[in-house]
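Inspection log for the structure reproduced underneath, given as structure tokens.
Think of it as A, B, C and D in the order they're written, each chain with its own count starting at 1.
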Amino acid sequence: MTDQLSPVHVQRWVHGFIDTVEEEVDHLTDLDRRSGDGDFGTNMVSALRRSREAMADADVATAGILFQIMSETFLAHSGGTSGPLFGMWFREFGKVGMVTEAFTQEMLAEATANGLATVTRLGSAQEGDRTMVDAIAPADRALREAVESGSELREGLRAAARAAHEGARHTSDLLGRRGRTSYVGEAALGSPDPGAVTIAMFYQAAQRSAD
Amino acid sequence: MRRQFLNDPQDVVPEALEGFAAAWPHHVRLHGEPTYVVRARHSPDKVAVVSGGGSGHEPLHVGFVGTGMLDAAVPGAVFASPTAVQIRAASLATDTGRGVLHVVKNYTGDVLNFRIAGELLAEEGVSSEVVLVDDDLATDTGDGDGPGRRGTAAVLAVEKVCGAAAELGADLASLAALGRRVAAGGRTLSVALAAGAHPGESRPSFDLPADEVEFGVGIHGERARERRAFAPARELVPQMVSPLVEALELRRGEQVIAIVNGLGATSDLELYGVFGQVRGFLEGSGIDVARRLVGSYVTSLDMAGCSVTLVRADEEILRLWDAPVSTPALTW
Amino acid sequence: MRRQFLNDPQDVVPEALEGFAAAWPHHVRLHGEPTYVVRARHSPDKVAVVSGGGSGHEPLHVGFVGTGMLDAAVPGAVFASPTAVQIRAASLATDTGRGVLHVVKNYTGDVLNFRIAGELLAEEGVSSEVVLVDDDLATDTGDGDGPGRRGTAAVLAVEKVCGAAAELGADLASLAALGRRVAAGGRTLSVALAAGAHPGESRPSFDLPADEVEFGVGIHGERARERRAFAPARELVPQMVSPLVEALELRRGEQVIAIVNGLGATSDLELYGVFGQVRGFLEGSGIDVARRLVGSYVTSLDMAGCSVTLVRADEEILRLWDAPVSTPALTW
Amino acid sequence: MTDQLSPVHVQRWVHGFIDTVEEEVDHLTDLDRRSGDGDFGTNMVSALRRSREAMADADVATAGILFQIMSETFLAHSGGTSGPLFGMWFREFGKVGMVTEAFTQEMLAEATANGLATVTRLGSAQEGDRTMVDAIAPADRALREAVESGSELREGLRAAARAAHEGARHTSDLLGRRGRTSYVGEAALGSPDPGAVTIAMFYQAAQRSAD
């Protein structure tokens, strides 16, 4: 339908994402309990709620503003490891969407690529280390391909969402090598990494917003 | 049963910070939203020295804000890193255009948030450098891939020395080099006789049998890798000092700064007793205890225990150590 | 189970004193047989200010020896008075011919031994005066015949103010009058959440049920006359401060020095939280917290608890409080 | 036999006193247990042993020297309440005997009177408060009378010893009003005050030395 995500789409995307995380908070927390310290879901939801409050007064003039708000909120309030990483992740989307009104597929690919670079630079995790990177990297490849092949935005987002989902699912088979899950070893096998699952929700919400 | 003087455990840090700022009006100012503590008397034209980390280690770091040491301290919640936004704000508040030195204890959350803050600052044109303090010998695995040694009481020496050098006008690059040199020459070992309890919790974070000590304990209530037999100080202290001497490859005639640090609930009687033994051991090895500090400076809530830190010293480091300092927790 | 870093419990005080003296070579010298601690830099032509008492209250008193405070401190065994011979020797070592001021906490043994030392000194032609500190409101029975109120943290204010005045050249009689004025205007209440344990003992000196605090506790491990319900700080603190205000008959607009003092195992987080509440209470009553001190200064081994001291202040007292001081435990 | 206590007599006196206290250490401690904190006997014996060691090297040239040594030892080493009080008590005997070779009855009466004054000044106890003063005061009266009536030294010492003994015995019926025993109240009734008992031993040893 659309080859851009306008502010309205972005609002749907962001709120859809927050809704999903809120619905899945217990599940996410449970995943972190299996592989870490069990605070992931609550941390994430509390930062997202704060973000939602901050968004209420925001002037939604640019495509990036909501991501900027989420970024500042996560960087300002979220403890743990994932908080600041997600803060920097959202930040890349905020930056790319800072001066325009809508996201093109190219911009989404660029934000994803920048986000991947930032998260790996800061967290030093490689793909395969059982972190959010395992969902980001496939999404990055999918969007890059979509841009190169000239497919339309919805196609690209569907591919990215699928790739992120598969990447997250695949973390069930991975031994943790970064963050708290690295202390847990084999005990985490069989359930996916909550950070990766959350990234998958992020792209799923993007795709739905474009439908 | 452990109890504390507090109201809502959630509020323990903000309430303590308010009390702290009110207690030291000539030394510090408290900023809220985001939370950080800065010097009451801003010093123009110097590199800002900023540190921070989880609360529960008081007087670290807020107690070291003042002339000759920190320009700002950024406290997180109990045992939790401050956020990048706090660190950025504290850095912007103290930067004079000459850049900001971040003194960071090596914990994943602290490292991550300070690194992020550095990137945010860079985008605003403020240069910063990180000095990573990783002195805890107990977590020295030799494994290059892991999180590395934790940061503990040697951070005190880095803050003091860098704070003095900054006051004297050193630039950011040389401060960073100096701080790294001090940190590289610092090692610590800590022993706990009883764990502390989180605000509002009645149980200590671990229980110890009567005949054992937690050897190589951290400052966040986590257990050590090792338990050893409880023994008189004259036997425990050499077990702490000897590995430090070895790790630092200290030779006869070398000078050190020795820090005997209480972890919260340890009496001065004990700390001074321990220091006497540390000194005896080092003098017996021909190592010169050129400077020393004994007290509870880097704590772990109300943990009963103490740490011994040795920092290799040279004339420059000693001169900066001796330079005047005026902060709530350290003044000379 | 309480354990400590120590060797033979008998040796805890001498070993700690050796470590203490070695840690502060620029501030103090330790004398043995009889035991006392004196300033490293002897000051000529001033009245000597000497205090002392049982050990186990560190940093009191040895931590306050130095410029602007004590000329000598005389430590006894744990919780036991020093002997008259120790006090005499410390006084002779610091007397410059202008006499010696003895600052004495009100305990039978301390009073007796300082009084005897005074008589011995008089026979040797050395004049001395005693300032008795009896600030503990919990032991105020109104009974003129009894031992009277105990001496606790207000001793800090007396030592600081008299130390400063002595440094400025005040004579013995006016120092004694000044000290008595400060002491008369000082009252303290202490609350314990857990008792400390004597060196070498694994049991604390009393046990407390989970829902009670020892209200009006002393600093020697003795129980208080009263137990009260444990409560949040916002409820406990007014119970401590309000009787102090009443006892001192403090009126709106009056100035006080407030001391929030940890009894050994209490974290800075808690002490600063308590101070915030003390300040809030006093400001609410229109009383001006002109100066304040927050920390563990007068302890009772590793007791978990804190005391609140108010000292009525006037311009002279504040000026002397602000005067420079350089000691191991207090420097500004 | 003698109307003076020569250095030899004084030595017999002092060592006889120390011997008795050593023999009675458990009894004295038990008395303090009934009326105080149970450390009296041990404190006393440890200070007296130290004194004996210090006396070994002393040049016994004056009548007072042994008392001076005991005084310094008690003032230098003895904790508790009784230590410094006994230190000051012995001191008065040391002072009176400082310049002469022997004690006359007058000198003993003077030392006792000075000792009484010093102990009451320092400890603020009156006769009847259940302290060592209850043995000292009767001994003081007995010696004063002996001097006035011109009776011989042995007579005077016998009277003093008897008076001190009676005074000490009488403390069994007294309620404590000074020192730790004041906290114990009626529980102490029926057994005498250890400090007073020790003063009685002191005069008994004096009397025996003169026999």
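One rule holds in what follows: contacts are C-beta pairs under 8 Å (C-beta built on N, C-alpha and C of every residue); 3 or more make two chains touch, one makes a residue touch a chain.
Given the structure is predicted, the values throughout are model-derived calculations rather than measurements.
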Query: Where the contacts of chain A and chain B overlap, which chains show up?
result: none
- prompt: If every chain is reduced to the average of its C-alpha atoms, which one ends up farthest from chain B?
  reply: D
- prompt: CA centre of chain B versus CA centre of chain D: separation in Å?
  reply: 59
- request: Measure off the straight-line distance from the CA centroid of chain B to the CA centroid of chain C, and report it in whole Å.
  value: 29
Statement: chain A to chain D, mean C-alpha position gap in Å, rounds to 89
Query: Which parts of chain D, given as residue numbers and ranges, touch two or more other chains?
result: none
- prompt: For chain B, which residues are shared contacts with two or more other chains?
  reply: none
- prompt: Which of line, ring, star, complete and other names the graph you get from chains that touch?
  reply: line
Chains that touch, pairwise: A-B, B-C, C-D
- line: So, in the complex, the side of chain C touching chain B is made of residues 1-8, 12-13, 15-20, 22-23, 55-56, 58-59, 63, 78, 193-194, 196, 199, 202, 208, 210, 213, 230, 232-234, 236-237, 264-277, 279, 292-294, 296, 299, 301-302, 304, 306, 326, 331-332
Parts of chain C lying in touch with chain D, wherever the complex brings them together: 34, 76-77, 80-81, 83-86, 108-109, 112-113, 115-116, 119-120, 145
- prompt: For chain A, which residues count as touching chain B in their complex?
  reply: 72, 75-81, 83-85, 87-88, 122-123, 179
